Structures are given as C-alpha cells and as structure tokens.
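Listed next: structures, encoded as structure tokens.
Shared between the two complexes below is chain A, which pairs with chain B and chain C, respectively.
Moving on, here comes the complex of A and B:
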C-alpha cells in the first residue's frame, strides 16, 4: 500500500513539473518547434514539387556520382518501387525528416567531437553521456520529446537527432585522436596556428573516419524515424504504425520494403560520398 | 480497390492467411508453450520478496563486475520497487531473458554453420541485412495474426530482431580463429568436433559474448514494441503513458527500462572481459 502511495506522489510531482516546464517555456518551445516544423515541411515540399521521375533521376545521378552506375540503376528502380507501391509521399516525408534531423545531429556532434578530442576534460563528460545515450532503448527518447514539443514533426526531429548524434560524435573524436602526432608536430614546426592545424591537418586526416560517423548517424536516424512515426513524425513510420494498429499485413510489408530500399540507397550514397570530393 | 498499385505485401498477406487457416494448431501450440514458460519464469521471479531478488542480483553483479555495478543494481532495483513497478520489471526481465535465450539457441549454431560453410553464409548474410533493416513493427503484424495478442508474438518478434547480431558475431568470432591453431589441432589428430569445441569455440568466446551482449540489448530495445501488442511489463507502461498522455507513468517506466538496460549491458560486458582474460591467466598459471 505504501509503495502505491509513493509512486502516485511521484506521478503528481512529475506531472506538475511537466506542466511547469510547459507553462514557463511554452513560448520558447513553440518557437523552436515551429521553426523545425517549417524547415521539415519546406524540405518536404521542395522534394515533392518536381514530378516524381525528376526526383528519381536526380537521386540516380547522385548515386552515379558517389558509387557508380549499378547503384544509380538500383536507386532509380528502388525509388520507382516506392512510387509504384503508392508510398511516394511517405518516402519523401521520411527522407526529409531524416535529412533535417541528421544535419541537426551533425551540427551538434562534429563540433563537440572535435572539442572532446582536443580537450580531455570535455571527453570525460561526453564519454559516459554517450554510453548512457547508447544504452538507452530507442523508445524511451519519445517521452521527453512528447512532453517538450508535443505530437508533431519537431518532436520527431528531436528524438531522431538525440538517437543519431552519439555515433557521429564518437567517430569524430576517434578520427581526430588517430591523427599521427608527427603530422601535427610537422604542422606546428612550420608555424601553423591551432586553427590551421585543425582544419588542414587533423580534420583532413580524420576525414574518412568522420564520414563513417556521418554514415552511421544517417542509418540510425532512418531507423529512429520509423519509431518517431508514433509521435507524429509522419512519413513511412506513420504508415507502418497505422498498418500495425489496423493489422494490415500487406500495407506494413510494403512500407517495410520501402524503408529497406531507402536504407540501402542512403547507405551507399553516404558511403560513396567521399568519391565526389576526391575527384575535385 | 487494391489493384491500382503494385504490392508485394498482398502476396505475403495471402501466405499468412493460408498459414493461419491451415497450420493454426501448430502456431497455437508454440504460442501456448511460450506464454506458459513466460508465466512460470515470471512467477519464479516474483515468488521471493523483492529484497531477496535485489540482494541476489547485486551479489551476481559484484561477483562479475565489481562494487560499482552492485551498488547501482541495489539503487536501480530499489527505484523500480519504490515506483510500484516491481512486477512489471520482473515480467520484462522474464520476457527479455527468455527471448534472448531462444535467440541465442538459434543464433550460435547458425553462426557456427555459416562460418564453416561459405555458401550458406552467402545466402544468410543478405537475409540478416533484411531482418535488421526491416523495422520491427513490420513483422509484428504477421506475428500477431499467427500467434494472437499478448506475450508470445512479442517473444517471436523479439527473437527475430535479436538473432542477427548474435549470428554475425558468432560467425565473425569463429572465422577470426587463427588458422595455425586449427592446423595444430588437426596435426595432433583432433576430430572436427574436437577442433570445434576445444579450439575454435574457446578462442572465439569473447566475440561470441559480444554477440550475447548485442542480442540482449536488441531484445531490450524491443520491450516497448512488445508493449504495443499487449505484452504488458515496462513496455506496456511506456505505451500506456505515451498513448494516454499519463506522462508520469511513462517517465517512471522509461527510467526503469534504462536501469534494466544498463544492468544487463554492464553484466554482459564484464563477462566479455572475464572470458578474454581467462586464457592469459591459464597460460601464466601453468
């Protein structure tokens, strides 16, 4: 009986503090959520504006540039498949959600990764934090997002970014730490400033590890974006969730296939993206 | 109405319906078997009072990992108890351990098989990719159709989700065994089975344990999904909190899942360290 009372009291306090957060920060939060929402919406509209075959061809060209003609063909056919299965809008919805949240995650992860590689006291804070975030089962992220931002796309972006940024941070940190000391010292011997050493030596040499981090970030973002369909992320996640709650096997399997295709396409394009820079 | 777009799912749906009408006895049998074993496991975990379980769990943590984790276990489990979520925590523990066990029973032999046989490996690897990329919600629907609502479809979906990493890491571990060791065994006239059990498996043990760790973590990630289809436990509380906007409940249950995940993760990671230290200790003692 006692334990029952105790958890009810805790519930009351939690509810009250959630209300307090809502009331005090509602203006700030609604600005943030409106901003993020409109960015996702704008990207979504931009991708849906041209007829579907033009978007497909554009992605095909991107895949050709990054990983060759076979991947270009696969991308085109894969996206055509999504269109034929009547899931084109949902696919683009997921794509724009993933792109916005990955960029947000990278905006946080890469600078923080650089900092934690250069300053040991920061890495002492970030490492256990990353451990904690990566041990956390994926659905738990949904609760704070729902509390702070409500049932909409910005909550989805928030959850997806939180889940996606740890690997990017870790791999940026790792990449910079793996830069040979000799290279840095050579730079210093030639009188390079710390900024120059960072940009021209360390980041340059860590480039492929950071790209792996970006790839990982993108993949986790895609898998989280499906889960975020539960709290208003839209796109394919919403379709699967709808299919699950109405027990439509055909719809859920089609959507699952579309997600797999999108995952393969995004994976190969991001893995091959260093090729673009190499040619230049 | 359905014919105006192309759909692979429609054909899978037909297959599932066919299985449902023609093999329902078989699926019912498996469903009953799974739910009964979960019920007994849950009863066994709930039989002693919570304090004994907490003490026992923290003793195990102390033995395997050290004081830090033991303390964390005491505080974490007391948190679950005080939050009025003890039964749910135990049910989730039962669900996770049963599904991880089933997944490992499938994954480790299969991993050994794929490491030994290249053709099977080449067939299985893309299938594993597909299983891991496909969102778990997708195979939840056929699982519910075939096994009904409740705990058994949740276990089935969890097993499907948690098997691939364990297969991959077992496969990797066995293929990483140095060729010299296997050849030394062969030179001494060891049979295939001897080589497998006495050379390859012990040498691959740390990697296989990493697979076990991944398997358990993936199973824990499915806890909330399981809650979606009525498996109760902590996942059910989180889903309830999310859908009924009872955020307090959601937060409490979410924190308990995180606590459970941290405990499981650290225990299995410490066993990896134990196993990778063991050969060295043997070498120095002999």
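Moving on, here comes the complex of A and C:
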C-alpha cells in the first residue's frame, strides 16, 4: 500500500517542481527562449541568403582547405544532392541548429573542462554530472525543455546542447590532465605562473584531444538535432519525422541519406580544421 | 645571521621532506624519537624523502649530490627552488629565506636567479628551439630584441647555432639536452640546478656533454648543484661531492676526500671501484721525510727525481717509469717534505693511503 502511494508522491513532486520553475522564471525563460530562437533564425536566414551554389562552393572551399580536394568534391556533390532532393532548406535548418547548439555547448564545456582538470573540487562535481548527462536518454529532457521553453528552436538548442557538451568537457579535462608532467614542471621551474603554464604549455599540448572533443560534440549535436526535429527543431529532423509518420519510406531514406552526408562533411571539416593554420 | 652566510649562493638548514597524508605526525615522531623509515612507512604510511639535510654551496662551485635511486637527491634538488615545499627546515638563496617569499617573488627567483636542467630534457614540443630557450625571458615579458640576444648567446655556448628554427623532435637526445642547458643559461642565472642531465644519454655523448659543460662552467663561473647517480661523473665534474642514502647526507667532501677517507662502509663500497690515478695526490702516498730518514739514514736522497705536492698518481707513475727509479722526492717550496717509494705508489694506486702501508 505504502509503496504504491510513494511513487505517486514522487511523481507529483516532480511535476510541481517543473511547474514551479516555469512559473517563477517565466520571464527569464521567455527572454532566453526568444533570444536563442532569434539567433538560430538569424543564422538560418544568413545561410539561406546566397544562392545555393554559392553556399555549396563556399563549403567546398572550406572542405578543400581542411581536408583536401577529394573532400571538397564530396562536399559539393553531397550538398548538391540535398538541393536536388528538395531538402536544401531543411539541411540549412539543421545546420544552423547544430552550429548554434555546438557553440553554446563548447562555450560552457571548454572552460569548465579546463577548470575541472586543474581544480580537484570542481572535477568532483563535473565527473558524476557528466556520467548522469551522458547516460540519461535525451528524450527525458526533451519534455521539460518543451514545457519551459516552448515549441520552438530554443527548446531544441537546449536539448541538443545538453546532449553534446559532456564529451567536449570530458575530453578537454582529459587533454589537460594528460599533458606530460615534465613539461608542466619545467614551466614552473622557469617561473611561469599557473595562468602562463595553461596558456603557453597545457593548451598546446592538449590541443588535439580538445579538438577530438569538439568533433564529438559536433557529431552528437547533429544526431540530437534530428531527434529535436520532433520538438520544433525543424530542419532534417522535422522532415524525417514527417516522412516516418506518413510512412513514406522513400522520403525517409532520402532524408536519412542527407543527414549522413551532412555528418560526414561536418566531421571531416572539423577534424581537418587545424590544417587551416598549417601552411603548405 | 653572520655576513658570510649572506653571500653564500645556497645554504640549507635542517631540511626535511616527508611524503604522505600524515606528514606532520611522522615528522614529530622522527624529531622526538628518531624513528627510521620503516617505522614511518608502517605506522604513518609516510615516506621520508629528505632527512635533516644541511649543507652550503660556495660561489662558482660545482656541487655534486650523488646517490642511488630513492636516496632523496631529486627531492632535495627540488627543495632548493621550492618546486617541493619542505616539511621542515630552511633554504637560503643568496642569504634570503625562500620560504618567506611571496608567490610573485618566488616566480621571479625561479625565472631570474635559478636555471634548471632536467634528466628528460622536458623541452616543449610545440615550440621551436629558439622559443624553448627564450621561455623564461618571454614569461617575464622581456623586450624581444634582448630575448633574441640572450638566445643567440646561449645557443652559441652549447654550439647549436643554426638550429634555432628546428623543433625538439628533429634533434637527437644529446642535442635536446644541450638545448635544455641553453634554456637554463638564457636568463644568466646565478645558480644552476641540474637533475641527472646526462643520465639518459649514451656513454660517448655523455662524456662529450660533460666536457662541454666543464668548458661552459669555467667560462661562466656559475654555482651549480648537480645530481647524478654516476660516481665517475660526480668525480669528473664536482668540486665537492655529497653522498646521500635514504634521505640522509652521509658524507660531504672533495672527490679526493671521499675516495681516500670514506665516512662509512656504504661510501667505502661506493668508491671501491674508482680509479685513484687522477684523484689521489703525492701527499697521500708519501712518507714524511723525517720518518724515512730515521729508518734509512744511509740512503742518498739527493739525486732522486722531484715531484710536486699536488701531482696525481698518474703523473707520479709516469715520472717513476720514465726515470726508471724506485723513489721520488716530494718537494714543496724548494724543500723535500716526503719520499714516495715504489711500494707506497703502487699501494696508492690500489687504494691504500700511506697509513696503510707499513714499511717503505
């Protein structure tokens, strides 16, 4: 008898908590919601402004500079496919969502990752928090996001950012921790302050690990963006959802293919981005 | 504090370093009851790194600290620039207690007054050679021109001119270590701390670098604290040697003193295999002339070859062989002060001093 009531009590408590947050912070929430939404929309408009072939060529150039001629060709063909299948707007929609969410996630994850590596008390908090966020199914925070932020891009950004930021934080933390001890000790021996050691030694040494974190963040953001299509994320996610709900197998395959192409393009470009700084 | 200690580059007083969570308890036990390291380990889970070490280093001296792994020598080195904080005791650099320095002052001390060379060169792989060497100056935001001059000077000293734009991974181990040395010398520090700098190199390169270091050292006259586990190296380089065991300073002295007068069996064992030829001098293998004459009053001592008080066994052997004689006269200020016989010379080469040789 008692256990039956207990779970009802907990559920009621959870409901009330979400409601309470919604009511207490309604003004803040709507400001944030509006702000994030407009950023995504603005980026979307920006990317849609030029004629499609210009955008394709620009991405092709970016791909060339980061990953070479073959990837440039692949990028161009891949984006051409999206256009030809009438998925251009949707692709750009997903792209803007991914870019805004990844930027937001990295803005928090990288500094927090650095702090977590250097300050023990912070890492004691972030470790279990990351475990929690990474194992919890993202659908779980979809609903509170909807309630609090509304059925628009901001809810999607919120959900995607939360899913994407743990790998970036973890890998930044790992990268900094894995800097060889001798290099840090040498820095100290020559009178560098902790800040100088961070900027002149640790970040350089941790660079490739942090880049991996950024890349992972991007990839997870992309896959979450598709799921977020269900809650107002728009883009290819919405198209997939539409196709699946109306049982259009052909359309769902097209959209799936577009998502994969976008993933490959973004992955290669982000992995190759250090190459922009290297002169041939 | 007397004036003399103010001018000493390095002075350590009763330094202790105990590693472990229960550091203070272990320290108290050691101070009150004089417990040993096994007791500390089993009762407090603590390791005694450095145990009541006191010594001084003179200006321009190369002071070698020698010991096996775990003797505490690397810990002691790091107490000097406070990379490790002592559990107890004081370190004076140029008369100043570095424990009282604020953070900024400590950074400045490490930057400006102390240069460090590591066993693994610990060069920063993302910086080229020039930027590795200039790191200390860069940290202090010194003017670029001045930086470049200092780098050029340092690179020239270690004979690596032309490699400024290379990266560490393009250089061999020996070259990397020379860069490490240049890096330590760039800011023209008063004191050099060297942690087994040549231990990771192969024997031929090691000898070359030792020679190069001796050259540089004589030019720059820097006070140096040099850690090594190689007794040959310590004897070659050191003006004075300190032998450490289990965190304790067992003996401090010149190479000759250590080799001829080991303080205990541990040191005696250590130095047993060392060649005495360049370490022991005439005065250690000679019979005082009065004693010799009283034993052999009839012998003619006028025409035997003369040698100096400070001639080493190698030279004495040379002279005795070339002159084809059995006796040498040790002369100081024009006066014969001692006689070296074939017996005492050969026993000296074996490692016995004159006191051990009964009859001439």
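By definition in this document, the second predicted complex is superposed on the first by the 260 of 280 C-alpha atoms of A that agree within 3 Å, B and C clash if a C-alpha of one lies under 4 Å from a C-alpha of the other, contacts with A are read in each partner's own complex, and residues count from 1 in each chain.
The rule is short, and it goes like this: contacts are C-beta pairs under 8 Å (C-beta built on N, C-alpha and C of every residue); 3 or more make two chains touch, one makes a residue touch a chain.
These numbers come from a predicted model, not from an experiment.
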Using the superposition on chain A, decide if chain B and chain C clash or fit. fit
Given the touch rule stated above, what does A:273 touch, chain B (first), chain C (second), both, or neither? neither
Which partner chains sit in contact with A:85 here, chain B, chain C, both or neither? Use first/second/both/neither. first
Could you tell me if A:30 is touching chain B, chain C, both of them or neither one (first, second, both, neither)? neither
Using the touch definition from the top, say if A:142 reaches chain B (first), chain C (second), both or neither. first
Using C-alpha centres in the superposed arrangement, which angle lies between chain B and chain C as seen from chain A, in steps of 10 degrees? 100
Looking at chain A, does chain B or chain C touch a larger number of its residues? B
Quick one: is A:186 in contact with chain B, with chain C, with both, or with neither? Answer first, second, both or neither. second
Looking at the overlay, what does A:103 touch: chain B (first), chain C (second), both, or neither? neither
Partner chain(s) touched by A:223 [first = chain B, second = chain C, both, neither]: first
Rounded to whole Å, the nearest C-alpha atoms of chain B and chain C in the superposition sit apart by 26
Determine where on chain A the residues touched by chain B overlap those touched by chain C, and list them. none
Residue ranges of chain A in contact with chain C within the complex: 182-183, 185-193, 196, 200-201, 204-205, 207
Parts of chain A lying in touch with chain B, wherever the complex brings them together: 3-4, 6-7, 10-12, 14-15, 18, 81, 84-86, 132, 135-140, 142-143, 146-147, 223, 226-227, 230-231, 237, 240-241, 243-244, 247-257, 259-260, 263-264
Touching residues on chain C, where the partner in the complex is chain A: 81, 83, 103, 106-112, 114-116, 118, 120, 122-126, 135-136, 138-140, 183, 193
Which part of chain B faces chain A closely enough to touch in the complex? 2, 4-10, 12-13, 16, 81-86, 130, 133-135, 137-142, 144-145, 217, 220-221, 223-225, 228, 235, 238, 241-242, 246-252, 254, 257-258, 261-262, 265
